[in-house]
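The same chain A turns up in both complexes below, where it pairs with chain B and then with chain C.
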Partner chain A sequence: MRGITKVFGPVVALDQVDLTVESGHIHAIVGENGAGKTTLMRVLYGAHPANEGSIELNGQPVSFRNPEQAIRAGVGMVSQHYAIIPELTCLQNLLLGAEPSLIINQQDAKSRATDLATQMGFQFNWDQQTSELSPGQAQKLEILKLLWRNAKILILDEPTAMLAPEDADLLYAKLHELTQTGATVLVVTHRLPDVMEHCDRVTVLRGGKLITSIPVSQTNPSQLAEQMIGVSVTHHTLTESHPGAPILTAENLTILGDKGQQAVKSASFILHQGELVGIAGVDGNGQRELFHALMGLKPFQGTAVLDGQNLRDLSTQQRIVSGLRLVAEDRHHEAVIESWSIVENTSLGLHRLPNLKKGLGINRDSQLALATAATEQFPTKFDNIRQSFRGLSGGNQQKVVVARALQENPRAILAFQPTRGIDLYVADLVYRELIEATRRGITALVVSFDLDEIMTYCDRILVMNHGILTEVPPELRHDRQAIGRMMVGATP
Partner chain B sequence: MDQILNLLASTSGISVTTLILSTLAYSSPLILCALGGLFSERSGVINIGLEGKMLAAACATAFVGAASQNAVVGLSAGIGIAIVLSLLHWILTQVYQIDHIISGMGINALALGGTSLVSKTFVELGGKDAAIFPREIYYLAAWVAAAGIWYLFRSTRPGLRIFAVGNDPDKSRQMGLKPLRIRLQSLLMTGVLTGLAGALIATNAGRFSDEMTSGRGYIALAALILGGWKPWPTLLAALAFGFFGSLQLILQGRDLGGLAVPGEFWQALPYLITLIALAGMLGKNRAPAGLGQP
Partner chain C sequence: MKLLGWRQILLALAGFGLIVAALLIAGAVPAEAIQTVVERALTRPAGWRNIIKEATPLLLLGCSVFIALKVGLFNIGADGQFVIGAVCSAVVALNVPAPINIPLAILAGIVGGCLWAYPVGLIKAYRGGHEVITTIMLNNIAGFLTFYLVSGALKDPNSQQPSTAYISDLSKLPNIIESGPLRINIAIIIAFFVVIATWFFLKKTTVGYEIAATGENPNVAKFSGINVNRIMIRTMTASGGIAGLAGALQVLAYEHRFYGNFSPGYGFDALGVALLAGGNPLGILASGTLFATIAESTNVLSRTGVPKGLSFILLGVLVIVFAAFRYRKEANRGSDS
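== the complex of A and B ==
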């Protein structure tokens, strides 16, 4: 790929980027959120045609106007969000868009699919509904989909984001086998350990520009991190935790999921004053249901007590007034009203707090003061504090949402993936502010699917697997492999 | 079932054959119409306009059939107008992305007004008998259509693609499918089947009268929902509605062992059954996940 430029409206997502990938390599593309990694891959895959630049495949100039053309030329991509339709069976998902014939011979298709899976060392029940697949299996199915379409160049976007560490190692081992048979693999990732351990070559993007492209053997993680961020990363030491009295106590919480299954099974934990506790685990193991139940969005069995008040007796609004705060997972659906202004959104949910109330209405002065404080907590870019929330970039939106949870004397903050969509520098800042807040006498519980993040910042680690919550013993606190095993339900 | 039939036969002197024939007559338009709706909704297009398409097809079949005295021409006109309305629905909902319900209601209103205008303009023609096909052909077509659709979705490429697009148009697009085109094809089939349904209604009655579909498009929609958007269960649901509908025709005005039942009750029966059945099944069947999504 040469001189690739891609412009979205006023934003230059890619600026004259060159990329050369040798066949048979595992090539990593690294960079922060918004660096243009995914955009570059989508240009290659034909999903976003480039504004400028050219692409050559095996010496032949090509230009893909849509993913269909790319896949016909042997280029396929697995997005971060899998293109698997849950209502279809495994076989139907595999075939969709690349059916062998008008009338599909089930037996024939199944045996060919099984052959393909066996080559990769995968096993599938082809008649199974894909809604039942674990994230790891879903990813395997996605890779098989590309191979079914005879893809020779495989692009994987953050392939290990949803996987437990052991599954991630297994994935890379399989990818390595694939490259032995002539395939080429491009991996978009922000996980530098993966790059160092499994990839042959690495390309660094920053702000839509190419920074460097070198063999992995000639670099190291801290150099790469510096190139990604643009400044050298200083590792601040975290303030030590001195846990105090319990603030939030949960005993034997059992919560039903949307399909009536037990999403959380008899979970117990205590959050103390002055500590940041992290829940590690693969997505969909009950984290969502736990947070929703604590916030009053879902019923639960068992007891949960916040500062001596039984949560069951409090409505969601009363829980907020009592100091419970949620950084919701899905910003657009659960956290903000996009057509409202920044000012309105920062007081959304906090509007019944004594400080903001004025008779039946809202005290406009304190509302504005609150918004100003929230936008100054993290460096947030906006034109006018009264502009509509929609005008903010995703990262800036997230900053406001996290900052809002820190305002007006919270007691316990529940944060679901608080750094989703924001770059490393601000992500670090978010955790630092959360930690500082806990040191001032409150408590916080964080759910993250990024184990490294949890291991770096949290004082204690809980692991959630199939609705069962277990605490990581203090002696294994820094053992990535052991926590990884706990995440899939094995003994540490 | 047998007992009920026997009871009916003994108390009111209705033969089982009559009941079966009238059930077929009443249910076949429902089956055809519901299966037409199945194509549309399986591909993700909500279709509340089945009623309108059926009514327009009935009108066209009757008037063109009467004017031309040619059954082929009459039926073609019926199917043709249903296809046109179906394509209108496609353009409105897919190209211009109008709300599916609103577009469907609009089509129903258009058909209601349009057919009424036609029947008032060509009063003389409306009195003539139309050239028609024997209704047994339609009965057969209904069952063949159910079997065909079952096979289509079970083991063919178009079936898989319609199913995928109806569940998740975005992901289908990522897999190289063209939802717009697939929905166009599906709505064409909706047009054909609702056209057949309308033609059968005209055939059963012999000539057109205003509002002659009398809400049966909505009952077909209910059968589709009851049948969980699957061909055979949909056919069964339509058959059951047909049974109660024909019961109405037969029992109306009869003396049921001294029990005086007002005629209005029998008229309301099929609708009542529909309502009860829908309420009982509500939320139990899974609708196509991408219903109404662009």
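== the complex of A and C ==
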């Protein structure tokens, strides 16, 4: 790819980027959110036509106008959000859009699919509904979909984001095997350990520009991080935790999931004043249900007590007034109203606090002060505090959402993937602010699917697997492999 | 917060252009027709009287629909709630002595409207039954039930038609201005203040903020500690109450009795009134008056042989033009995300 430039309206997403990928390599593309990694890949496989630049494949100039043309030429991509239709079976998903003939011979297709899967060392029950697949299996199915279409160049966007460490290692092992048979793999990631351990070459993008492209053997993680962020990363030491009195106590919480299964099984924990506790685990192991139950959005069995008040007796509204805060997982569907202004959104949820009340209405001065404080907590870019929330970038939106939870004297903050979609630099800031807040006498519980994040910042680590919550023993606190084993239910 | 933006002005102009086009199609001479409208509807006190009379239910029902729309419910049932409110009010006005007759009759109308809307909120909140379906059903029930009542139990024995007796003068709402053919009933003042109150309630109170949040995104509202079911039920009930009030005022101020097929479709016109008002309840004052003026204009024209159906064409196109503006704006806004 040479001189690729891509412009979205006023935004230059890619500026004269060159990329050369040798066949048979695993090539990593790294960079922060918004660096242009995904856009570059989308240009490559035809989802976005480039404004400038040329692409050559095996020495032949090509230009794909859509992904169908790209896949016919052997270039395919697995997006971060899987393109699997949950209502269909595994086999139907595999065949979709690439049916061998007008009338599908089920038996024949199935045996060919099994052959392909066996080659890769995967196992599938082809008649299973894909809605029942774990994230790891879904990803395997996506890779098979590309191989079924004879893709020779596979692009994977954040392939390990949803996987436990062991599954991630397995995935890379398989990708290595694929490259032995002549395939080429491009991996978009922000996880530097993956890059160092498994990739041959790495390209760093920053702000839509190519920074460097070198063999992995000639670089190291801190150099890469520096190149990604643009400033040298200083490792601050985290202030030590001195846990005080318990704030939030949960005993034997059992919570039913949407399908009636026990999503959380008899979970108990105590959150003390002055500590940040992390829940490690693969997505879908009951973290969501636990948070929803604590916020009053889902019923639970067992007891949960916040500062001496039984949570069961409190509505969501009363829990917020008592100091419980949630950084919701899904910004657009749970946290903000995009058509509203920044001011209106920062008061959302906090609007019944005594501080914001004035007669029958909301005290406009306090509301504005609250919004100002929330946007100043993290460096947030916006034109006007009364502009619509939609106009903010995803990262800036997330900053406001996290900052909102820190306002108006919280007692216990529940944060679900609080750094989702924000830069490493700001992510670091988010955790530091959370930690500082706990040191001032509150408590916080964080769910993250990024184990490194949890290991870096949390004072204590809990692991959630199939609804069972266990605490990582202090002596294993820094043992990545041991925590990884706990995440999949094995003994540490 | 603007009451009349360029968009609304443009809309009025477009409406004017459409009047001309529709008149030509109907075979009338536009200049003559406009002259007729101006002379007989817009510049004569009798015309003003009719416009004010027509505007009263439209303003109130506009508020009713608007408030429900804000919480995310499409209240097509304002017409049924209006009819129920009217019949309740007529019964009380006919049977309760002065001086408590008028307040009680108004209250009865409000309560009747509330009761007719409450189940809609319940069904929506707890069973997910769509309010459009349930309100259409309740409209039919309201229409047939009241027709049955005024054909039987409530029928005035001296009348040939399915109608109640006329209410006594003591039960009538007074005119505040009465000079020649110009009559302005206190009902229009009440309607005006209901619009102002609706604006205050939705824009200035915490409950209004919660209603707006629920209407924009019920799930986000739930996560923000808002009791979405409760607020939907209450808002729907309030919407019905305002529609019931409109029915009561219609009886007490203008019709002075209740009869079969009481509503000429005010509840449906109100959907257009609320839609045309845009994002601000105060816009109802403009859109309600516009609707009333168009109704009176076509009424006058019908006497010169132009079909009365013209108003439907006009209102329909008006609503479509407005919707086009509005959703175009939203589509533009959405594309940059």
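FYI, the second predicted complex is superposed on the first by the 492 of 492 C-alpha atoms of A that agree within 3 Å, B and C clash if a C-alpha of one lies under 4 Å from a C-alpha of the other, contacts with A are read in each partner's own complex, and residues count from 1 in each chain.
By definition in this document, a contact is a pair of C-beta atoms (placed from the backbone, for glycine too) under 8 Å apart; a residue touches a chain by one contact, two chains touch by 3 or more.
These numbers come from a predicted model, not from an experiment.
Engineer: Does the chain A-based superposition show chain B and chain C clashing or fitting?
Structural biologist: fit
Engineer: For A:253, is the partner it touches chain B (first), chain C (second), both, or none of the two (neither)?
Structural biologist: A:253 sits against neither chain B nor chain C.
Engineer: Is A:204 contacted by the first partner chain B, the second partner chain C, both or neither?
Structural biologist: neither
Engineer: If we overlay the two complexes on their shared chain A, which of chain B and chain C does A:348 touch? Say first, second, both or neither.
Structural biologist: second
Engineer: Looking at chain A, which partner touches more of its residues: chain C or chain B?
Structural biologist: Counting residues of chain A touched by each partner, the higher count goes to C.
Engineer: One more residue to check, A:388. First (chain B), second (chain C), both or neither?
Structural biologist: second
Engineer: Would you check which partner chain A:463 touches, where first means chain B only, second means chain C only, and both and neither mean what they say?
Structural biologist: neither
Engineer: Examine A:83 and indicate which partner it touches, taking first as chain B and second as chain C; both and neither are also allowed.
Structural biologist: First partner only, chain B.
Engineer: Between chain B and chain C, what is the shortest CA distance in the superposition, whole Å?
Structural biologist: 10
Engineer: Please write out, lowest number first, the residues of chain A touched by both chain B and chain C across the two complexes.
Structural biologist: The answer is that chain A has no such residue.
Engineer: Residue numbers of chain A touching chain C in their complex, please.
Structural biologist: Touch list, chain A to chain C: 9, 295-297, 315-317, 319-320, 326, 328, 333-340, 344, 347-349, 351-352, 357, 360-362, 388, 390-391.
Engineer: Provide the residue numbers of chain B that touch chain A in the complex, in ascending order.
Structural biologist: Answer in residue numbers: 155-158, 160-161, 163-164, 167-168, 171-172, 174-177, 286, 288-289.
Engineer: Can you list the residues on chain A that touch chain B in the complex?
Structural biologist: 66-68, 71, 79, 83-88, 92, 95-99, 101-106
Engineer: Using the touch definition from the top, list the residues of chain C that touch chain A in their complex.
Structural biologist: Residues 204-210, 213, 216-217, 219-220, 222-227, 333-334, 336-337 of chain C touch chain A in their complex.
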